[in-house]
Every structure is written in structure tokens, then in C-alpha cells.
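Going by the order they are written in, the chains are A, B, C and D; count residues from 1 in each one.
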Amino acid sequence: MTTHCEFTLAELMIVAASEAFRGDGEILASGLGIIPRLGASLAKMTHTPELMMTDSECLLVEEPIPVGPRGDYEPKYSGYMSFERVFECVWGGKRHAMIGPTQIDRFGQTNLSIVGDYDKPKVAMLGVRGLPGNSINHINSLFVPNHNTRAFVAGEVDMVSGVGYNPARWSEHMRQDLMEIRHIVTNLCVMDFEGPDHAIRVRSLHPGVTFEEVQANTGFELLKAPDMGETAHPTAEQLAIIARLDPHNLRARQLKDNPPGIRTASTDQ
Amino acid sequence: MNKQMTTAEAVAQLRDGMTIGFGGWGPRRKPMAIVREILRSDVKDLTVVAYGGPEVGMLCAAGKVKKLIFGFATLDAIPLEPWFRKVRQAGEIEVMELDEGMFQWGLRAAGMRVPFLPTRCGLATDVLKYNDLRTIRSPYDDGEELLAMPALNLDMAFVHVNKADTLGNTLITGSDPYFDHLVARAAERCIVSAEEVVERLELDRDTARLNTFERYLVQGVVHAPKGAHPTMCAPNYGWDLSHLKRYVASASDDNGWQVYMDEFVNGGEDAYQAANGGVAAMGSLPLPTF
Amino acid sequence: MNKQMTTAEAVAQLRDGMTIGFGGWGPRRKPMAIVREILRSDVKDLTVVAYGGPEVGMLCAAGKVKKLIFGFATLDAIPLEPWFRKVRQAGEIEVMELDEGMFQWGLRAAGMRVPFLPTRCGLATDVLKYNDLRTIRSPYDDGEELLAMPALNLDMAFVHVNKADTLGNTLITGSDPYFDHLVARAAERCIVSAEEVVERLELDRDTARLNTFERYLVQGVVHAPKGAHPTMCAPNYGWDLSHLKRYVASASDDNGWQVYMDEFVNGGEDAYQAANGGVAAMGSLPLPTF
Amino acid sequence: MTTHCEFTLAELMIVAASEAFRGDGEILASGLGIIPRLGASLAKMTHTPELMMTDSECLLVEEPIPVGPRGDYEPKYSGYMSFERVFECVWGGKRHAMIGPTQIDRFGQTNLSIVGDYDKPKVAMLGVRGLPGNSINHINSLFVPNHNTRAFVAGEVDMVSGVGYNPARWSEHMRQDLMEIRHIVTNLCVMDFEGPDHAIRVRSLHPGVTFEEVQANTGFELLKAPDMGETAHPTAEQLAIIARLDPHNLRARQLKDNPPGIRTASTDQ
């Protein structure tokens, strides 16, 4: 039973992010950024308790740690996950990370390195970070707070940092079977790669968003999932858990103007 | 999620012909309670992968071992493992004999799911001659020839730890965790036995570092106090040299293995503890001085 | 044997064109006192190898960097490293941009003196396109194609630790030792700076485990209290966000770098400490919450 | 100045073992067995204090730990050297180990695996242990308590476990430059590999031993070092340090009948 209640778009996206981890079982769930992290935490607190999480440094916890200042809260640890250990985890394939790349293309290839020309880029960002290794070794989901054609680019991303389903990039002797891109959670919709040849499909639209709006803000053609519907609204129980996991309401600062979860006529993009 | 099980349930997961790895090192922190359960079982034709101690010799003695992948087999205080020696000399087992470093390198390859890792170790020795090992050349200007150590993929790993919780979180409190984390990572499934099992490990920062592999690698948790006996389990207890001598003698005595099985193994773990003076005595065996 | 030296003596060992690695991770436990000494020196044309934090940006700002080998450059709390960004966008440095895992893999290869180590990471990305990296095929039946990560051999490594002794024994007391041991192993020479230097470390069993690399890797020990500032040095102190903001601003201001150098660097380490409120204030910066 | 004093053959061999480590500087000195371990400890206590040693388990010490039961002695540790870390040390070449193989051939190749036919050996021993990796990566010295033709074999050892200077075993693309076999300390003499093409030479003879006796007990031809003399006698200072390092006199049990260091007419082999 769903309870009707007010919720923000950020909260809707947290719940959508949480769904990406459903049924993952015992793997490390890494949500990078407030909304992905709350999504992973919510997943563990509700439908997928087997998930493993860290304190966002190097210690494992069985209870997700609230985001922001902790006051007197002293986490209880269940194990160790130093940065060095993370590579054992990644290379062993025991992880699902949700990250926010700067660019994504129709193959699910991602970019966190540069925009523009590689030798003299228009914008230099972080560097490829762990994207090459994460993307080829374990499940990844993507988080895009501003769904637009700068994020979802036509052609390929400017510097392919994370692998995708682009056959031209793979030789017959490379193992592509260890990679999976699960969901893309944006401020407009949830997408997946379950179309023909891993084509990107819109899986659900956030309340008040149309497929046409999503397509107009995407640099490549999208498919509709046959059962494409509205993104699930947060339940009262989920909202209560989210509030406990984010006592300082950091989620309200993740999206510009903290829009409501159900668009009103005045909340145009 | 509760991964607790009995030794019998753990061993029931084995199938003839499986490749199984053991944690520990020589006569140190071996999952012997599980080994004894294997000795009592019908399972056979195992490929055993270990830095070998008495688990290797006992499984050889019982005819469970088709192939042994190892860097050594020893009881340390008694250098030569008696049953390994006897069975090996009789030509009754296949062997893949590796340098100690190659061995952990092969486990590491398996854990990171690569087919091989390169090393200099083993080149220019008969390790290359007696095993189906290939070499590769560096693709860079140096062109160096290296041995390609193949991944040692395990169907099952057994590891004995000092403490575990029902979720499969584990602690190794001895000063040296050996290579158990690599054994666990190399395996399709891993079952740990533990001196102590609690509902939940709730650790501080420092103690949490004694966790050396993650619970997603662990499919079963067996409560097995003194479960490493007669090997040592630092800091809890040392090895049992008198038991080890008794075991060594079984390799020279007529019908020695059957007598050892009857005296120590066939009666089950409670009887084993009684036959070794009880858990209090077993738990107070002093740590050896090296 | 006494390996103590000053930052000046440490930096005097550098030569133009050297490949130097830094320990730490982003804005965490970076050997910044040594970095400031490099900024004051004439050394140039460095190849810098790091999980980059402000040391990368500052050395870029000062025109010391010919080539950067990195997986990222970030200040964490401030995601984009301002001077790295500025110099990179101007096309003023060569880069070898690597996956974080490839990076440690290359250090590991150097430490074990092999020319390369294979990995799946980097395949099917532009990391292969923009770097002179080769692939290899497994010599076994699988025939898998893997990327051959070349060894990242360093001429010199600088690492900041919590505690050291005059012999070069070190302790990292923060919960995560990062990859400093690999940086130290990859280098021809390694100089550590330390919050505290004692004559001899005399440790118990548990504390001894906080030693992550051996003194035979360490050629110099520099006493540098608050030497990681403005980066954090857990558990001693957190990063200095207000200083980092001041540093970030220098990339937008006219003549910003020269102003930063004059305000913080050119006067030496004592003046640096005074300009940051003194060692007591620097040492009480709270650890960040993640 | 040498002080004249009584000493056992074991003590003479401890001093000879110690000489193998002279000038090694900062590397891990590993003496396996009582005499090699006392040799390494003596080296650190006298001419080569930079050497590193462990507690023979996994902790580093700056003061060599006496052999045998320690009573109330609590070692002070200076660092960590778990078995896993040992491979970092070995592969990095930062070690000099003195070990006692079962067989040694004229190339310095060693065997700790089997005697006889590999598939059905006459004697199965420990397995190759760390010999392949140690021998190809760092300095090794060898210890032979019973110098005879079973230890120093004609032809090649039955199972080459540790590499040596046998050109037939090396391809042009293998790096042989990282290996070195330093000394062989036996109950008759000290040998090295400083002959032409690393041929084995007798470096010094223990008191009362002749070159002919050594040759007769060796399965291959030996060279004499140009300056071959008598193995240095332990000094009083060395004997005092050895006594402190071995308070239970375990060294007296390492050689059959604990022979004196200077042979008397009755001490034939």
C-alpha cells in the first residue's frame, strides 16, 4: 500500500537510486554523492539488507551511517575496506557503484576527464579516476542531476573514461561479460540498458515529465520500455528512513531550488 | 541473513573432484575440524590447494587427494610431513609443485579474475619442467621473458579464524593473517570455521583492521572451538606437538592410519576433544617460540 | 645509522627531469612541507606521479611539472583542483592519465621489479588511446587480451607519515595507509617526512602492524610537524578548508600564484606556520566527516 | 687482534655464516636454522648493524632475538614483516637468506623437493618452498652441515628448486642479473662462486681440513681461491655474543657430537 504524502524530487530520486540496488545481494554498494549514497543506504535499510557499505572512508558498517555531521554518533564497524582493499573488491567484481559522470553517450560510455580536445581541453575535470576499472569489472549505475544534452551527448563522450556497450571498443579477446550498467537516475526519469543491443530505454518518467521532454534533453535517440510508467513515489516509510539517514536535510541542497517530487505548472525545467 | 552451519553441512557442499583450498600455513591455523569432517565423509578425488600442513597429509592418508597444488608440506617443528611423504613417494598423487610466491600469486590472479600474473619466480628451475606453465614476453622494449602464473581458481575454500559473526564478518587476531584473504578471494565459495561466533561484530577502528576479507566472500560460518587443533591458532593456543608426534607415528605403524582414524576422527569432534584432554587443555597449549 | 635530514637536504637530492612520486591520496596526508621546499627550489622538468591533491596543483602552478602521471587531481571538499585544471586546460603539461587501479598496479610492478602487470582496467577506453600502452594475450587456452600496465618506476618518493624513527622505521596511524608502501617500493630512493621523529620505535605486536613499509626503502627522515598541512593527517588533524579556499582563489586572481608564494611559501616553514595560525591551531583542525 | 680461545665447529661455522652477510647494508637477513640464524644475528651485532631481522615470525626487531625459550624477555618491535610482506621484500630483492638445501650442484642450483625420480621419488622432502623465488630475486647463501657427495652432487640436482649459474637453464630474455649466490658454509670449509663463470671455489678451509678432503666429499670439481687459507677463528668477543644469542646452547646440538673447532687427531669425519 502506498501512502500519499509530500516529497521532493530529491527524495523521489533517492528512492529511484535505491531501486537500482534491489536484489544485488552481498556486494559493496557505493553511492557517490548525497543522493546516490542515500539511495544505497535506503536499499540496505529496506529491500536489500545483505548489501555492504562503508563509512565513506575505509571501514565497513552494517548500519548505514547518516550523512553530514554525526554529533556523538559512534559507528560500529564490521570490517575493513581500505582504498587498497577497494581494488580487490572492484577487480573481484563485488561492487555496485552509482556515480555521476560529466558526460554519458548512447553506449553508456562515461567521461569524467575533460571536455573538448584532449591535448588542450576546454574543461579539465577530475581525471578518469576509477571509471575504467569500475566500469569493466562490476555493476555501475549512473546519476545525473541535470538531464540535458551536455550530459547525454551525441556521438561518443569526449574522453571515454568508463566502458560501455560500444562494440567498436572491444576486441574479440577482451572479456566484456564482467561489466553491467544497470540504471541511470536523472532529475527527469530512470533509464536502463535493456533495449536491443543494450540500447538505452526510459524505464520510468518522474511525475509530470513526458518522454518527449526527456528525448529533447538527450543527445541520442531513446527507447521507451514497454512498461514505461511513472517513477514510484516514496512511501511514508521510505521518507521516514531517508529523514533518519539525512538528519541535516542535505538532500534539499542537491538540486537547484529543491523542486517538489510532483511538478506543479510553475516548475518548468 | 545467518550463515551459521555445522561442519557436516559445510562438508556436504563438497562434490567428488572439486578443487579445494585451505587457509593457514603449515601447522598454523588450519581448519582441522572441517578437515576431520572431510575425513569422515565419502568425498574423493579432490584437488587440494594449500601451504600444506597436517591437513594435506591427513587427506592424503585417507586417499581423498587426486592432485596436490602446493609450495610445501611441513609440520614445522617436525619438518617432514609424514603422510604427504609416504603418498608422494608411492607416486599415488599428482602434484603441481610451486614456489611459495608463485602460489600466492596464482591465488591473487584468481581473486582478481585474470587468467595469469607474470613473475620471475620459477624461471630456470624444474618448476617449469614438471608443470604445464608457459612463459610470456613483456610487450615493452625490455622484452623480458617471465613466467605466466595461471590463476588458481578454487571451487571451495576453508579458512579457520579467531572470531566471526553470523553474517560472515571475520577477524584474525594473530599477528600474521597469512594468505587466507587470498584463499577466500580465489574461491567460488568459502566457509570459515571460527574459535568464537557472535551475532554481530561491533568493532572499533583499530580492531576493524583485523578483518582481512569481506563477508561477501563467505557462504558459511561454522563454530569450531579448538577447531585448528593440532595446529596452532595464535594468539589462542599453540600447536600440539605430542598429538603431531602421534600422527607422525601413524605413518610408520602397521594399519596406522586406520588406528588414528578410530582413535581421533571417527568418533566425531566431541570425542576428538576428549581424546586430546578436553577443550581446556587444548586451549592452553602454549604458543611455540620461533 | 641516522637518516635524519632537513627538508632542504631532502630537496637538494632532486635533479631536473626526475620522476618523483608522492604518497597520500588527494588532500590526505601529502608531504606538503617537502612540496613547499620544492616550490622554493630551482628544480624543474619533473615528472610527477601521484593520486593528486594540492601538491600536484602547486607544482603545476610553479611550472615545475613537465609531465603528470595520475588517476585524478582533487581537493575532495573542493572537487576540482584549480591549478591542475588551469595548467591542463592551457595544454602546458604532458599527462599520462590512468585508472586509479592501474596506477597502483604500475607502482606495484615497479616495486616487484617486473616490467608490467596485466589488468582488464583501461581496456575499451580512451586511456588506451592517449597513452603508449600495449595489450598482451594470455598464453593459456583462454587467450584473453589484457592491458599490460607498465611499471611506474620512480627516481624519488616523498611520503608523510605520523611517526618515524631515525633509522627510517615508520608508522601510519590513520585508519587508511593509502598506497604509500607502494610508492616507497616503486622508488629508487624514498624520503619520509613525519609528524614525530623518535630515536627508536619500540613497538608492541599490535602497533608494529601500523608499519607498512620497511626502513631499507627509506633514505631520509625529515621531522615536519604539521607537514601535511593544508591536507589532512589522520588521526592528528584535518584538512584546512579555509587555506584550501585561499589557494583555490589564487588560480583566479591576477598574479595569484606569486601572491600565494609570497604569503605562504617563500618565507619558509616557520613563516608558513605563523601565517596559518601557528602549529597549535594547525594541529587542532578537526577531521572531516565523510 | 685475535684472542686464542676454545671454540666448537658450530661456533666456527656461525662466524663463517656471519661473514656471508658482511657489507650487505640494509636488507633483510634471514638465517634459516640455528647456525645460519646465529650467523645473521652475529653479523648484525658486529660488522653490519644495518641488517634487518625478524622475530622469525612476522615482526621486525632491531636487536636480534636469542634462540630458544625466552623466559621473560619481551622483544621490542620496529616494524612488520608478515609472510605476505616477505614476498614484497623478496621480489624487491631486499634480502639475503642463508638456507640449507638437500642437494647442491656445481652451478649452485639447489634442491629441497625430492631425491630420485620426480614421479615416484625415493625421498620426498618439503617441496620447493621459496627457493625458486628467493634464488632468482635476491642474495642467497647456503649452509651444509654434512659436506658429502650426497649434498654436493655430480651433474645437476635431482629437482632444480633454486636457480644457479647454469647457462642452459636461462633464455636470453630472462633477467639473470638479479640473482647472486654468495657463500656456502659447510662443516669442512667455506666456498664461493667467484671462479671463472661462477665456478665454485674453496675460499677457506676449517682448521685441520685439507682441500683434498673437501674435494673427495664433493661430487664435482672445486677450485682453490688464490688466497685460500684457514677459516677465521671466532674471537672472544664473537664467542661472548654468540653465547648471549644462544643462552640454551642450542648450537651444541646442531652437528653430530658437537665437534671442536680445531680438529684433534681423533675427530675424523
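In this text, contacts are C-beta pairs under 8 Å (C-beta built on N, C-alpha and C of every residue); 3 or more make two chains touch, one makes a residue touch a chain.
Every value quoted in this text rests on a predicted model; they were computed, and no experiment measured them.
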For chain B and chain C, what's the span in angstrom between their mean Cα positions?
39
What's the distance between the Cα centroids of chain A and chain D, rounded to whole Å?
59
Which chain D residues sit where two or more other chains touch them?
59, 91, 137, 178
For chain B, give me the residues that contact two or more of the other chains.
112-114, 119-120, 144, 175, 205, 208-209
Graph of touching chains, which shape: line, ring, star, complete, other?
other
Throw together a list of every chain pair that touches.
A-B, A-C, B-C, B-D, C-D
Provide the residue numbers of chain D that touch chain C in the complex, in ascending order.
26-28, 49-50, 52, 59-60, 62, 76-81, 85, 88-89, 91-94, 137, 178
Of chain C, residues touching chain B in the complex
113-120, 134-136, 138-140, 142, 144, 146, 148, 150, 175, 205-206, 208-209
Which positions of chain D touch chain B when the two form their complex?
55-59, 68-70, 82-84, 87, 90-91, 109, 113-114, 118-133, 135-137, 159-163, 166, 169-171, 173-176, 178
Within the complex, which stretch of chain C touches chain D?
1, 111-114, 165, 167, 169-170, 181, 185, 200-205, 207-212, 214-217
List of chain C residues in touch with chain A within their complex:
25, 52, 70-74, 79-80, 84-85, 88-91, 97-102, 104, 119-127, 129-130, 137, 143-145, 175-179, 289-290
